[in-house]
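These notes open a run of structures that come right after.
One chain, chain A, appears in both complexes that follow, with chain B as partner in the first and chain C in the second.
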Partner chain A sequence: MHLDMGGQIGKDPWFITGISILLLLGFLAVAGPFLVPYDPYDISFSPLDPPSADHWLGTNDGGMDILSELVFSLRNTVIFGITAGTAGLVLGVITGLFSAWAGGWADQVVMRLADVVLALPSVMVLILLAAFFQPSPVVLALALACLAWPTTARGVRAQALTLKNSLHIKAAQRMGGSGRYIIARHLMPELFPLYLINFAAKTRMAVFMEASLAFLGLFDPGEKSLGLMINYALQYYYLDIWYNWLMPPILLLSLLIMGATFVTVSLEKIFDPRLRKTV
Partner chain B sequence: MHIWKKWLTPVLVYLSAALVMAYASFRLPTLLPGDFVTAMYAGSDVTLNAEQEASLRSFYQDTQGFPEYLHNLATLDWGYSHAFMAPVSQLFLQALPWTLLLMGTAHVLSTLLGFFLGVEAAWRRGSLMEKAGVGMMTVLEGIPEICSGVLLLLVFALSLGWFPAAGAQMAYADHTTGQWLVDVALHLTLPLATLILAYLPGNFLLARAGMVMVLESFFVVTARAKGLPPRRVRYAHAARNALLPLVTRFGLRFAFMITGALVVETIFSYPGLGTLLFNAIAMRDLPLVQGIVLFSAIMVLVANLGMEYVYTLLDPRVGHAS
Partner chain C sequence: MTIQIKDLTIYYQDLDHALLALDRLDLALHPGKITALVGESGSGKTTLGKAVMGLLPKNARAEGSISLGRTQIMGLDEPGMNQVRWSQIAMVFQNGAASLNPVHNLADQVAEPLVQKGIGRTKAMAAARDLLARMGIDAEQAARYPHELSGGQIQRGLLAMSLILDPQVLILDEPTAALDAMTKVFITRVIQDLRRAGKTILLITHDLDLARNLADDIAVLYLGRIMEHLPGTDLVDRPCHPYTLALVRAFPFMDGMRELGGIRGDAFFRMVHAHAQEDGRTHAHVHVAAPDAVHQGGHAPPQGCLFQPRCTQAVLDCSFGDIDVTACGTHQVRCIRGGIARILSFEKVAKSFGKVKALAPTDLTLMAGEVFCLVGETGSGKSTLAAIAAGAVIPDQGRRIFQDRDMDTWMKTDFASLAPKIGMIYQNPAESVSHRLTVFDIVAEPLHIQQQEGDPEKIRARVLAALADVRLSTAPEFLKRYPHELNMGAVQRVCIARALVHAPDLLIADEPTSALDPSVQAKVLKMLLSLQIEKGLTMLFVTHDIGLARKVADRIGVMANGTIMETGAAARIVNHPEQACTKMLINSARGQDTRSPGIHP
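And then the complex of A and B:
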């Protein structure tokens, strides 16, 4: 895997487009809450106002400033995606590496467990959890990570198994490197591209999931989230609010998922040697 | 002997997954602290009388064991929905056909179309049309169902008025069979289009990638060298080998598809499981939420197990391996 991936990826238009979209949205999510003039929970404005100089996107049914709401929603959705993506990646890498390195019955147990978790439809488990316990979004993100690790674990395990038999690892073992040393020094860094792909794919899936769950009404109705905003705006479709209330969260959500998709597709293309030929 | 060995692992895996779901559904309500029946229904649109409250409490907190719970599930005794005033199983079975119609049609159409387009694209690799197609599909892959669904609803139902905006058929209409079919098809169009837009890109990209790899193998070169007509090389020789990744990925995509279908049904108020679930959540009707979640999950598991079987049928190598 020691190839000039950096140079290649910098030239891929999909990657450039995707990462630019993500950086832009990331900036909005981080800095936006400081830039917008109102508190998104402030209900002191007259409800359902069309856009004006004071409220660029108007106000919603509760008399909240839609632009402020939008920025905070974007931030929450991004936080959910990154939390679930990171936690899922860490879990998957740990179990995958452990499974590959330990081998034998430990490997069997972990991989069969992965099969069972993979078979569970994660959205159903999340709906059940959300309906009964009404947990905070962070807890839901972590629960999603607990359901999403098997795909990463499988990929990491497969790659680690081939690496395990390569010459330089054998050499490191012969020279007396401990298991922990070899995993940390050789196995883990060399699988880096795999982490990138998995993180991008998981985050994309989590954002999609968050929007869907929020849209279905499984989040605290007081939360700010792009899915919830679409849900609320859609209830007022008969008013003329589609361009200032309904479209903005739809556009942001699409852009977010599109950016993540472009990056994932591009990374997969460049790092998967089999797919590389298909470009 | 051989057959047993081959099927033991997948059957065990899916069976344990089903048991995990059932156990979670059995155990979660009892883990809630305090008198959750009062707590849950306090914030709900449903007002319970003393008798209903007692029945709910006994449904959740009686001392029945897990085996008995499983027995109840198997005999369609899934509790009573106080929001809809009907047994949960009855509501579920009423909604199920519409979901199956919507998801089944969407899946079959998007797979066939994606496969065909993917194969043709791989065959024309490098041409302008192929590049445009791949670009368009990648962009489409980035648009979630929530967004495309709402857009289609706004444009074609609310603004242009070409298609109905909600429901699956005209209520109380006196239709002949032919009129009824047209009516159902009209109602189906928009949700179906949304789902196809969502599923098609994945199928297309996968079929194309698989086909590109297959086209490079020697047997395709041989087939071409023999002078077979291109269409025969494409479909009889190459494409059937490119079909496999499409089938393997099915299981992984299935959970996504369920999420998508739930959302799309809600957007178009299509009277399937998604809308039922949405209403149940909105009214905090827990037995109904539980029933829908558990049985959709089991349907997913059964479908995936079925796909494993189809996979061995399509690729004998899988059966011979291990």
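And then the complex of A and C:
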């Protein structure tokens, strides 16, 4: 089942749309700070100005340029998402592969642990963490990863178990291949599609989670984040700021999550042929 | 009369070199017995015949002794030899038509020795005609000239010529070569009559079928040495020396099932330096051109076993010293390993998967260099047995011995050194390779795992050699192909290359061709078998198809319900099956309706 990945992905409109959105937002996040006109922490402008030639999206209650703030918030949110996504993926892959390869009681221990973690409501845990320890966003992202790995681990384990019994891996074992060799040479690369899907899904989840936590005011108020921006904007909802202050972060957040969702769906569809007809 | 040959060494001298034709040969020929001398061309068969006749060419130097009864006949002067030759020892030469005089008719030539002895011409002619008549040549044919006779008639005429003086010892050099089957049967009958008449007969032949039908015992000659001395009846079923097995496999027996296989490598010449010594004897030592040219340029190994470079079971010790004769059952073999070695043996090996008894306690022995086929219906435990042999499945009980070492301990302590000795080919080629690896990576994988070679260039060279062995392209574009871009036959070839790249001693093939269509199957099997010969592999071949097995196997083992019901030479199993399950397999393969005890519809 060797797939012509490039060809199939390139033709999928879901993927093209999703990846275009993500690339655009990614470009904004990476290059944004050099493009925006003002320092987002600069409070020297008059507060709550409507959009003008100087401030395309106007200014907020603290007299900061909303456009600059938006770009910086996007950057922070993306960093949070990627950190949590990567950490969660790495944790999940390691535990999943270990569990599948070791088998026996080690497998049981890891999988029961995964069940326990899955049973925890992650939003509640994060709220408690954020409220009690007021950790930096990176620590929070890692904490999120610690809660998010079980789904990845389960997927990786299931795939690895199937693969472990496939003939070419049995052949490699019979040739004298060690567990380390087979994991590194056969299992890890073979599961690559799974990593992509899981990474996209986890990142999406993290972005959403970050926005939620910030919206709930559980973030350092001095930070910049899309969720925080929505939180602040909502405090002035009785003013006419919905289109220049409230909507842009909501739009960006939605785009970000949409892009990640499109890519995830498209990858799942391509790498799991059974989904192709139903989606 | 008995002929005793002791320590006979013969050189053909040529300026400062000599060709060693016979080397310390011991052989006894007894009255009323046929001794056959078999071996490839150049093994010294005819030289022995000529030595007994005292007809060696002038450049030959002989040492040792040949005695006829109590008389030493080697080294007799010409008048002394003339007393013996033809009247006591006669020989029928190979390519006999050339030894007839074209200007005399056959009867004349047969009668000539009698006339020489002083018997009257009329009497002699009558005796000649009488003898020819017994050979199936009537008076009219006897009066013909050699060019008017057929090959079979000439051969019978020559036999009559050699018998006319009623010698006690008869040497027949290829008496049936170039004869049709009917004439061959006639000559065979004549030779059997001669044996009954108490003649001592030495049969020199390439024809193993003739040898096994006629000979009481057979001496297998290779490069002037007897490699195995065995009873004639054992030639096909129980050869003990790898060379004998190889000869048998190369011969087109009528009841042979397997495709013919040659003997790997080529026969050598034994060139020696002959130095004159002070006592006038020659001192010979093997001449070697250059240290690395030992097995090239036609030189046999200077010491150790002569057959070692072509042998399927050679070990390091085979290259040293002088190999002596040892007993192997009733046979005498010149092999340091005591005859064909066991490469793998099972003692009461059994395996269950949960409640399912996949394999009942089983004994099995694989001999080096043979192809052993396991045949049976699905679920009979064939694949389990193969997996246990491959070390992929651990049996519940019993002992596995691979190359004289306990396999289970070997696997536990040093699997890395055991793994490359066993190659495995799987039923489904597409599944047994990773779809992410290129052809090159697939074939190189065992080398990467084994890490015997660190040098990428050497790995590349070995991969290319393995691909060339399985007749696949070695072009860079092909090496970069993925398995899904190839057809099944090519993928299976890649798998075979992968199994052979680290030069295993045992190759286990589990239904290697069942995923292929018949024409591709034929090609892959042909290639596999020629590789088996070339590389001297031992093969365990698992198949459900007895029709296929008989084309592949030297021996067949028939399995049913986790037990090996019957093992034997492929021809024996197929032609004379003893067990009900074997008969059923054969009948089913012929398309006859049989009730399987295993499958209840």
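Assume the second predicted complex is superposed on the first by the 277 of 279 C-alpha atoms of A that agree within 3 Å, B and C clash if a C-alpha of one lies under 4 Å from a C-alpha of the other, contacts with A are read in each partner's own complex, and residues count from 1 in each chain.
We adopt the following convention: a residue touches a chain if its C-beta (ideal position, glycine included) is under 8 Å from a C-beta of that chain, and two chains touch if they have at least 3 such contacts.
What you see is a predicted model, and the numbers here were worked out from it, not measured in a lab.
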Three-chain arrangement built on chain A, chain B and chain C clash or fit: fit
First, second, both or neither for A:L128, with chain B first and chain C second: first
Chain B versus chain C as contact partner of A:H186, first or second or both or neither: second
Contacts of A:L167 with chain B and chain C, given as first, second, both or neither: second
First (chain B), second (chain C), both or neither touched by A:L35: neither
Broader residue contact with chain A after superposition on the shared chain, chain B or chain C: B
Partner chain in contact with A:G177 - chain B first, chain C second, else both or neither: second
Gap in Å between nearest CA atoms once chain C and chain B share a frame through chain A: 16
Doubly contacted residues of chain A, that is, touched by chain B and again by chain C: none
Residues of chain B defined as touching chain A within the complex: 9, 13-14, 16-17, 20-21, 24-25, 28-29, 32, 138-139, 141-147, 150-151, 153-154, 158, 205, 208-209, 212-213, 216, 251-252, 254-256, 258-260, 262-263, 266-267, 277-278, 281-282, 284, 286, 289-290, 293-294, 296-297, 300-301, 304
Touching residues (chain side chain C, partner chain A) in the complex: 390-392, 415-416, 418-420, 422, 424, 426, 428, 431-436, 445-446, 449-450, 482-484, 498
Complex contacts: residues of chain A adjacent to chain C: 1-2, 166-177, 181, 186, 189-190
Of all residues in chain A, those that touch chain B in their complex: 14, 112, 115-125, 127-129, 131-133, 151, 205, 208-209, 211-212, 215-218, 227, 230, 234, 237, 242, 246, 250-251, 253-254, 257-262, 265, 274-275, 277-278
